[in-house]
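Same chain, two partners: chain A is paired with chain B first, then with chain C.
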Partner chain A sequence: MANRVICDIPLNRVEGDLEIKVAVEDGRVVDAWSSGTMFRGFERMLVGRAPLDGLVITPRICGICSLTHLTAAAKALDGIAGVAPPPNAGRLRNVALMAETMQSDVRQSVLMHMNGFANVFHSGHDLYDQAVARYASLAGERSLDVVRQTKRIVEIIALIGGQWPHTSFMVPGGVVYAPPVSDILKCRNILSQFRSWYEGTVLGCPTERWLEVDSRQALEAWLAESSRHRESDVGFLIRFGLGAGLGNLGRGYDRFLSYGSLELPEGTTVAGTAGRLVAAGFAEGVTVEAFDQARIAEHVASSWYRDYPGGRHPFDGETEPVPSGDEGGKYSWSKAPRYKGLAAETGPLAERIVAGDPLFRDLIADGGANALVRQLARLTRPTTYFQAMDAWLGELIQRFGEPVYHHPGDLQDGEGIGLCQAARGALGHWVRIKDGRIAHYQIITPTAWNGAPRDSEGLRGPWEEALIGIPVSDPDNPALLGHVVRSFDPCLVCTVHVVGASGRRTL
Partner chain B sequence: MPISLFWVQCGGCGGDSISFLNAESPNFVEVLKGAGIRLLWHPSLSDATIGERRALVERLRQGEEALDILVVEGSIVRGPSSTGMYDTHEGRPKKDLVAALARRARFVVALGTCASFGGIGVDGPIEASGLQFRRCEPGGLLGADFRAASGLPVVNLAGCPCHPEVLAGTLMALAVDVRLEMDEFNRPLAWYGMTVHQGCTRNEYHEYRIEEEDFGQKGCLFFHKGCHGPLVGGPCNKLLWNRRSSKTRAGVPCFGCTSPEFPTVDPFFFTRNIEGVPTALPNGIIRSHYLVYKTMAAAAAPERLKNRKAEI
Partner chain C sequence: MDTAIICVGNALIPGDDLGHRVYEFLAGQAIPGGVVVIDGGLKGIDLLPLVEGRKRVVFVDAVAGFGPPGEVVILDRETAASGAGPYDHGAGLPYLLRLLPFVCETPVPECLVVGAEGPAHPSVVRATATASLEVAIHGCS
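The block that comes next holds the complex of A and B.
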């Protein structure tokens, strides 16, 4: 074992700091530990507060996806109150959430991931000079364009809910405000301008053309078809990513989880699966089965919380911090959520696999998931949103004047579950109200799924597993490791911030 | 000589950074360029490798490289039991890194309510505080007497998140040594010297005490729905958010997020009342006068407001 080296590798450019510890043998990762090192205590903070307070507190968990927490919190309370929001409230909630997801997808891809292509590690790549000119942080031409343009789409959220980030316009029973029709028209215009920009520069073609790409072969044909395709961000991602070997890195378990999202409002023309635009399901490889939240359990064997055996469903879960350093194999403030006892990845790729998307099923058919295909699913997700968003805004205009809120009655007692797909994947809030106060609040974030530590069986979390086999030449500049972890779009502020001991030691 | 800026995130959500990406005219990049600021490090947006960052931090700590502006985002996590081990950096409490860098910086900016006053987590197990305050109480991480090398205390840019234009304006002012006049909580008066209420499109309803007891209506949210707009300072309804609107315009009560007391222990969406009049009244108001004024105003309310005919 003389050549086995343990490296502590903090990563930059994730939402929050992250430290990964890897064991390297002969220049490749043979084991990995993902450690969340900040505890923020949201779940404990909420207990004892008034039922609606989760609508204000939980969006503050995450600055880049605060609306998804609002969505989950509001849905949990809808359930407790036993009210279904009126159709127009559903439309307003959906459109706002989609706007947030699209800004996140483009910002994360260009500002936090593709700027890694400008890392000196890639200086031997044929496209390196172009990568620097395009994506160098806050200096590259594409980076500057993304800073200029991505803030536009969240103006839709301001028109519907007042501001972004950190609004609380969703409440049990609907939303607090019916924007005037003139503002809905503005939203439609903002969407249409964003779509033109996205198709013109990020995608390089009309959405309809992209949606025809249904296999690896069709993707190659799309690339060959036009220089606009090749020069778009999507085209560049594919060309650079293939050259850098990202298509063969970061496989993981090939298990995919989606809670489903964006419920179809009654009377809509938008089609979906089982009443949602984004399908729910669990897939092993490309074999999809129905999703049942009862099969979720969280383990704490490797997490700095009071021990319990096995896993617990979030309604039975607890969050009792035990800051015990390296004792007893605990190494993260993230718990380890498991589905049917199994680690599973979540995010835009998981959504596509669960939905049975032919392109992404084909792309993982031979070698499984990888860093490139995850990022491609993220950067092209807006193509799956545009038509539905525009239709819902159109329906809001046609059905202007219909209610956006039903009074939910009192919230004295009950249990509610709020599930949705955040930009980074499956998000759930499990809430119990007793005697008019929050008695129990458990949250499982997408990054808890993806960046989980080992469970009570000692099995690695998804990105720990995905790191196995990655070449590491310079621990101070672990570029490939960074691409693999960033392909999961880690949002550590949601789960933890991560940190660990510095330095290296040879075993 | 460019002005150097180091950005550190502590116990927060990153929302102030994300909000700053929404800055308009000048935008994020234009602010830095226009003010001659060199961004040494931002945790989400920098190219530097971790090795380079480690060396940079060491040079800053030793004073070998000048640090003009330190921006701190997120609360200072001091738990458990004042150790700071709920939020560590390279195995040490992150609060110690912040304290060391603050001692070297010419200006220290607390970005957002968490960094200013503790914010989310201030009453929780993480024992959060701000850089120089814990809620309204002076002290915090650096102590009430702390002064940066410029002679200024920590500049508190409160808000959850901080409005991007407030940070842009502050950075541009600090870069040319313009001294911003500040209030008792060291928030620049230029942005916190007006109430959130100013500019709310529901003001006519407020004026005549047309109150809402439920969501989805056009009237004022101060009397029953927990709106802090008349009680706290902030530019939300002057600058607007994302160029378009504000929470109060869109029917979401102001939660008072620029206040050192945010988040309050009282429920949100709820106003504590005595006989229909809020227990907390706008600064400087005598309760008995207010009662008379609002009773007369309600009596004078025109039908078009009572019938919610005025658009908002």
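The block that comes next holds the complex of A and C.
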């Protein structure tokens, strides 16, 4: 008879508000439940307020990616106002959002994911001693370097938007301020310094060289080419990850979702797909189809909300908490978003797959997605940003004096949708204004997609599914489970609630 | 400014709102020259640029386990940093204080934490604010 054990595993180094419960039989996970343990309630907070209040309140959902919520809120109001921001406003919005995403990508990769390589669980790994020296908490040489070097990149946001986090510089019709050329030059300098450091230590080569890596074979050649490649954080991630088996762990459903992001401003030299730098689409395996937000629905069968059958589009959704009852059936404050009725993962890997990136398509061609390839997509995402960011900053200088704001007039009643790609993946705000007030506000965060509980059909969410089959040799130190969940870069703070004192610190 | 009083905490959570209340209190006071008062919110490690380049930084925050509720305590950097854990999205003041000697790109300023445990009653806010100004001006010698 199989030896079945139920383990409650608080992954508090992911977030204090996420609990994973797994059933283990004969040393492997056979079932999993992902529970967001705190209520968010921002949607309820916003109803009845003035239309512009979402620009101030929703960035407070998250202190790591506050700008993505501002972006979604502003785009929803752009839609309601029927106004397109002028090109320079688009450039400023994009550059700020990219700066925030790059900081998050590097910090999450090194301080949260690769920090797990220093876990004693890996003490038998050939590279373990190096991992400890590089990535141990509060002491690892690379960890300290990342803290030092990533602090400046968000100064770009402060120069453009006045502060970071929680700026509200985007408004319907554009942005509130046109930075002087001297500040744009500062932004370019900060970006240049960050890129030099990133290429020198994180990547180990010029961006242009990395972007030539277009297959598994080319990746192996890149690793063999230079000790600088192997000793970079990207090289170490690959070498350690392969040795730890992360390339075979955490497959999930192999369905990938990107809303698309970073609209190309009119007249730009930057190339993209269908008017965006980051392509929109839905992929099953590597087969990509067009994305249509109308096919999104949220289920609450396993979530602590008032029940309704099936799923509802966010414009029809509701947030009516029901914190008790149905013991065992409901287990999360996160709803379960589905696309075409299907669970789908989102994040930098999904972006690369939807964009048709040959390297990442090749890396998932045989065994599907895994924890290593997800993290590799995240840590190398800045290479897909540098050229566009620098070009947009250059264009802002060339086109200085052009407007950054089109007055939208009074905000009329209507519906607006704000979609973008946050650091952790697809983020959407669905807003309805009626009688001059917010009548309806629904937010679906990336972690709601990735960390969703079961839906109305009883089917697991993406990382619940990704956990199936993972070996658990020590329930007190489920290191591999942690790697898989962290490869999705969870942010339960945004998914379920606003406050987090318990996980913050106790003096 | 050579000296900063950086108030941290969460205004929405009773018991964790002392820093915010002290900031509000000090914002209505005359502050001596050379001292700046900053609302540090929940920024944690992102406060680093506000610490660098100063001679003395006084953090104001709710504390637990250092004295009876309502009593103002003053902690040195090492004591306050002892609660630091690994980095996460909630990594806060102890994480910053622990990492400071390794990541501060200027000479590490003298750092002190002034706080109290329990509800931020007006009398506690006033006493904490007074103590914060005192150590900001004179240090903790």
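Convention: the second predicted complex is superposed on the first by the 487 of 507 C-alpha atoms of A that agree within 3 Å, B and C clash if a C-alpha of one lies under 4 Å from a C-alpha of the other, contacts with A are read in each partner's own complex, and residues count from 1 in each chain.
Criterion: a residue touches a chain if its C-beta (ideal position, glycine included) is under 8 Å from a C-beta of that chain, and two chains touch if they have at least 3 such contacts.
These numbers come from a predicted model, not from an experiment.
Judged by the touch definition given at the top, the superposed model places A:112 against both chain B and chain C.
Look at A:138: by the touch rule set out above, it reaches both chain B and chain C. When the two structures are aligned on the shared chain, A:230 is found in touch with neither chain B nor chain C. Counting the residues of chain A that each partner touches, chain B and chain C differ, and the larger count belongs to B. Using the contact criterion defined above for the overlaid structures, shared-chain residue A:476 touches chain B, although it does not reach chain C. Shared-chain residue A:407: touches chain B; no touch with chain C. Of the two partner chains, chain B and chain C are each touched by A:165. Of the two partner chains placed by superposition, chain B and chain C are both touched by A:147.
In the superposed pair of complexes, A:50 makes contact with chain B only, with no contact to chain C. Shared contact residues of chain A, touching chain B in one structure and chain C in the other: 12-16, 62-64, 107, 111-112, 115, 137-139, 144, 147-148, 151, 154-155, 164-166, 493, 499-501. Residue ranges of chain B in contact with chain A, taken from their complex: 9, 11-19, 21-24, 27-29, 32, 39, 43-54, 77, 80, 85-91, 94, 120-121, 123-126, 160-161, 214-216, 236, 240-252, 255, 257, 263, 267-270, 311. Every residue of chain A that touches chain C in the complex is listed here, in rising order: 12-16, 62-64, 107, 111-112, 115, 137-139, 143-144, 147-148, 151-152, 154-155, 164-166, 491, 493, 498-501, 503-507. Against chain A, the residues of chain C that register as touching in their complex are 10, 12-13, 15-16, 41-46, 48-49, 61-66, 75, 80, 83-95, 98-99, 102-103, 105, 113, 115.
Partner chain B is touched in their complex by these residues of chain A: 9-17, 37-42, 44-45, 49-50, 52-53, 55-57, 60-64, 66, 107, 111-112, 115, 118-119, 136-139, 144, 147-148, 150-151, 154-155, 157-169, 171, 173-180, 186, 321, 323, 333, 403-405, 407, 476-477, 493, 497, 499-502.
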